[in-house]
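Take a look at the structure set out below.
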Amino acid sequence: MQLGMIGLGRMGANMVRRLLQAGHDAVVFDMSPSAVEALVKEKAIGAKSLADFVQKLPTPRAIWLMVPAAVVDRSLADLLPLLDAGDIVIDGGNSYYVDDIRRANELAVKKLHYVDVGTSGGVWGLERGYCMMIGGEPEIVRRLDPIFAALAPGSGAIDRTPGRSAARSTAEQGYLHCGPNGAGHFVKMVHNGIEYGIMAAYAEGLNILKNADIGKRTHAVDAETTPLRDPEHYQYDLNLADVTEVWRRGSVISSWLLDLTAAALAKDPQLAEFAGRVSDSGEGRWTIKAAIDEAVPAPVLTTALYERFSSRGEAEFQDKLLSAMRYQFGGHLEKAPGA
Amino acid sequence: MQLGMIGLGRMGANMVRRLLQAGHDAVVFDMSPSAVEALVKEKAIGAKSLADFVQKLPTPRAIWLMVPAAVVDRSLADLLPLLDAGDIVIDGGNSYYVDDIRRANELAVKKLHYVDVGTSGGVWGLERGYCMMIGGEPEIVRRLDPIFAALAPGSGAIDRTPGRSAARSTAEQGYLHCGPNGAGHFVKMVHNGIEYGIMAAYAEGLNILKNADIGKRTHAVDAETTPLRDPEHYQYDLNLADVTEVWRRGSVISSWLLDLTAAALAKDPQLAEFAGRVSDSGEGRWTIKAAIDEAVPAPVLTTALYERFSSRGEAEFQDKLLSAMRYQFGGHLEKAPGA
Amino acid sequence: MQLGMIGLGRMGANMVRRLLQAGHDAVVFDMSPSAVEALVKEKAIGAKSLADFVQKLPTPRAIWLMVPAAVVDRSLADLLPLLDAGDIVIDGGNSYYVDDIRRANELAVKKLHYVDVGTSGGVWGLERGYCMMIGGEPEIVRRLDPIFAALAPGSGAIDRTPGRSAARSTAEQGYLHCGPNGAGHFVKMVHNGIEYGIMAAYAEGLNILKNADIGKRTHAVDAETTPLRDPEHYQYDLNLADVTEVWRRGSVISSWLLDLTAAALAKDPQLAEFAGRVSDSGEGRWTIKAAIDEAVPAPVLTTALYERFSSRGEAEFQDKLLSAMRYQFGGHLEKAPGA
Amino acid sequence: MQLGMIGLGRMGANMVRRLLQAGHDAVVFDMSPSAVEALVKEKAIGAKSLADFVQKLPTPRAIWLMVPAAVVDRSLADLLPLLDAGDIVIDGGNSYYVDDIRRANELAVKKLHYVDVGTSGGVWGLERGYCMMIGGEPEIVRRLDPIFAALAPGSGAIDRTPGRSAARSTAEQGYLHCGPNGAGHFVKMVHNGIEYGIMAAYAEGLNILKNADIGKRTHAVDAETTPLRDPEHYQYDLNLADVTEVWRRGSVISSWLLDLTAAALAKDPQLAEFAGRVSDSGEGRWTIKAAIDEAVPAPVLTTALYERFSSRGEAEFQDKLLSAMRYQFGGHLEKAPGA
């Protein structure tokens, strides 16, 4: 099958590679000619312009956008005038599902089809395959099945889930038609929300382990410092690289994120190259907004998001307010760092 | 009535003053002779040593300790050999109630009485009176009633709570015998836990108000920054000093902590003299431990405590871990501050 | 000054009463004729229809809407065709500030003015006065000053905040022009978000106090129940009505919400008439959405909101998931209630 | 090597089986003779009494206790008088590490050695192997290496972590000497704390997915119910069994807990056999106490613990307090369930 790919960043380029390896054809376009050239060397069909790109694709066309969420609408505006009724546009990036619903409606007016695909797998997808969550019209999604099957990991070495009935869904191959437009990015959004929560759980736990030696350190003795009652309970120097390694093997909390954490700690247990300013892309925020609209309590996911905000200094003013109140009612002065 | 006071810091000295103003006698002692002298000028009876102090008090003695929680046991060790059966020792500081239970048992062996008093009121207590939560034997607490009545605010200008029965308790005067030993500090401990939660509620809300102008600011456009979808909804420059002032008057969230917040913001809306490193004394921590022992969910109080830990940089390693994981799975690089 | 009031529920009717008491005139309308009649007996001018209502007001008119947030747009649709350029419409209910921005723009096209007023004070406002947070054009808000001054509490018995400069704002009278349209409801929204947090802080703390007797109770001894290590530390039967009463008097956490809590506990310490299903109106949710848009961490306010969701059973499915996972990895069976 | 095993419940019996399969000898004892008999049929050496058990083991003995945490001290009291200097006692259950420190000191006085082993793997350990976190004297732990090697999963099919140096630790075999006594259970404690957090992250996220159809449902229209602004954004009927299945394959959040969740949902997407009352054993609580002692913020782990408390109805009184306050200030009445 032939797919057009717009956006040849890390994700887009690797997806093209995986499709080519599976025997599909790909027409590729990017603002950067060198990105196009690189893939042409790997047997992709390069396009010099958007018009050239569209022309090189057989109708009805299947065009995959792999661009930052913030430029999807601009890309669509450029692309739509060049398309014909029946063509399919796939947004494989990290769009807000609310935008998918709007865009699908806009495209439907022009008899174009829209498919939203949430894609997980990161820089490892070329090798491991991409996990895809798909929203769109059933017939259209079915038509793209060869593409999804090639990009997905397939059942591979992962055991079948006990109790799943014989009538398998493509979920076992690593891709799933979740529902109508927006459903793909909705499921991906919550996926990322969960990701934040899991990451925070490991991070908090490992910090508790790291500080298990606190009883060995000296502490200020003053009214502003809570004394440690039982220093003899905190005398451990734990090797976090080894601890995360052992958890990978047979423990209840083994996971791919743990594998990555173990790799990071094996490289440098102090993580000295990081400052601890943690970015968040939109999915975590949108997940919380969905939870609130649905009146579903999501304190763990929300707290994980807020820890990222705080890591970037966003709590500074509220912290100052707390110090100011303490000064007002008790005359408490702030302690200097390290004091 | 005659009371002995050991510890003439801000709290202890002002309590002596309030007792003297009410016509009581006070024998006072402190490691610092100048602290003793200052109160002698205000008609207190000064003591030169602990032995002198004990001797100057009529038996059965009533001795109030107003020293840091960390030195109570040491003070008791010095004091106990000098006392006689029937004497009363009052710990008016911020002791952990678990220590009260132990100490009361130790004193009982020597036929001494122990009373634990949680005291709220901070630097304002001299003027407003001290709110006291008391634990100890009923007969002993009753004997000290004149002292508590003098230190407490009294009913003053505060309206009677509708629905309270005619048989009043001393609660309406601002002091309360809560239960056996430890009960006073237990109630004070939870009082402070609540205090943390209320402070955090104001601080978080005010930070949301402060950032209501975020739509006016320019933002980085990159994959690591979530774009603000509706900048036109965040165009407000709010005057926080005025906002907190207006809330003092008729709103549902008026409180004494709000009064103090309004005063701090009136002085400097930027709170520039504070760095935002918020100390915590033990009560907030002990409150959470009690909640956990009781299996009572206390997420607001706990979160408020953790915000203080984070304000002091204690989350740094877990934040680094999050960045390290993001780098591992997605090749995400951290953004520099302000970038 | 003459004000038209649409919506004579508890809030609207009492606001009319307060205006009449201050010597203002009020034209009143409500879907329920009896609500109109009741106020006519108290010297308000009644209207039989919206047309009648509009006609009875001198131009430029000042019309206050005090209707549920969900019907404001419908009320405006009925009202607008009857108005003349220069008229002012005030929304005093609990609208989402985003709707204010939209409405103000819509009205501006017709040369009408829109003012959004967040009003706090609840059922006590008639007696205590209403705390008002106001958004709109400066000149228009100034024109309504006599109305706001009459509805507000005034400076009353509340002390002046130390440090406030001589150039007073109306904040000290209990009303404040916060900024352009939406600013009033924005500030009120965050006010309510804070309110949720403060309420939760008291509620959690009091539940910890209530369970201070847990060491007296018998506990199941099985692998599914964490044993209480130190039952002797939890032997207190605390009188919550008295505890909340004593905190009203001189403690750091005294507040109006505490006054109300003390009143509720004085009436019935078991609160038997309540089931514990806590509603939330929109402001708490919108506050969190604003925090997320601003990237401001608000874990205490969010957690307080989620506790309300959970109180209504909204966590049931996620709890089932936890039990299902525990069964899967450890064969753990759920315990029956009370077991 | 020969090991003595006391406690032949699910965990203990399966560990004996795994040791026998690896060619080790095991002397076994349990209060239940039938549990002993069952293992004797599988070639274990049965003991009729504790004395018999001790006598059948060659000195220096290695004795593994696999009994509920609450009975470890009682078992030790029975066992110690029968032992000889140089014997080793291993606690493989879920003890609080603080008890390990105390017990190790007590045993050292009698020249006995104590080893604490946190064991993860649940009912799957016989097949997958047990992940073990070990605390104790280095020489003693080294002596037990053959036992740990047999119980652990070994490196198996799990990839080596990139970046780990050539000098391998046993962590890659699934067991780790973490440090002195208590270190094993300390690491296991935090492991379980993390487990709670990860479980909660999945559970919250899946509940958000389950309620993605909320826009299809009818809602009460009243002042106590926040209206859903955009019902068209919540029209999805998501198949959670398929969603969790697809996430197992190539997504960032794949994990063993996700495998188990997928299995539970494959069996019954409604999880009807569960009531949602989630137990917690001690480790989650102790993790939070350690975080608080160390002043490390752990809001995600703590919140996950509190969700379990709430699932068992422990928030009821605080919820009633919130309703009571709302009634006091606003006259709000609670809504009936489903209303």
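Observations, loosely collected:
Should a chain be cited, it is by its letter among A, B, C and D, assigned in written order, with residues numbered from 1 in that chain.
The rule is short, and it goes like this: contacts are C-beta pairs under 8 Å (C-beta built on N, C-alpha and C of every residue); 3 or more make two chains touch, one makes a residue touch a chain.
Composition by chain, UniProt nomenclature: A, B, C, D = 6-phosphogluconate dehydrogenase, NADP(+)-dependent, decarboxylating.
Only a predicted model underlies this, so the values are computations on that prediction, with no experimental measurement involved.
Between B-D and the choices B-C, A-C or A-B, the pair with more than half the same contact pairs by residue number is A-C.
When chain centres are set by their Cα atoms, the one at the greatest distance from subunit C is D.
With centres taken as mean Cα positions, subunit D sits 28 Å from subunit A.
The mean-CA centres of subunit A and subunit C are about 37 angstrom from one another, to the nearest whole unit.
Rounded to a whole number, the gap between the C-alpha centres of subunit C and subunit D is 43 angstrom.
Looking at subunit C, residues 122, 200, 202, 204, 206-207, 226, 229, 252, 256-257, 263, 280, 285, 293, 295-299, 303, 306-307, 310, 312, 314-315, 318, 329 sit in touch with two or more other chains. By the touch criterion stated above, subunit D contacts subunit C in their complex at residues 10, 68-70, 96, 122-124, 199-200, 202-204, 206-207, 210, 221, 223-227, 229, 256-257, 260-261, 263-265, 271, 274-282, 285, 299, 303, 307-308, 310-332, 334-337. On subunit A, the positions that touch subunit D within their shared complex are 97-98, 101, 120-122, 125, 128-133, 152-159, 161-165, 169-176, 178-180, 182-183, 186-187, 190-191, 193-198, 200-202, 204-209, 211-212, 214, 226, 228-230, 232-239, 241-243, 245-259, 262-263, 266-267, 287, 290-291, 293-301, 303-304, 306-307. Across the complex, subunit C meets subunit A through its residues 252, 280, 285, 288-289, 292-293, 295-299, 302-303, 305-307, 309-310, 312, 314-315, 318, 329.
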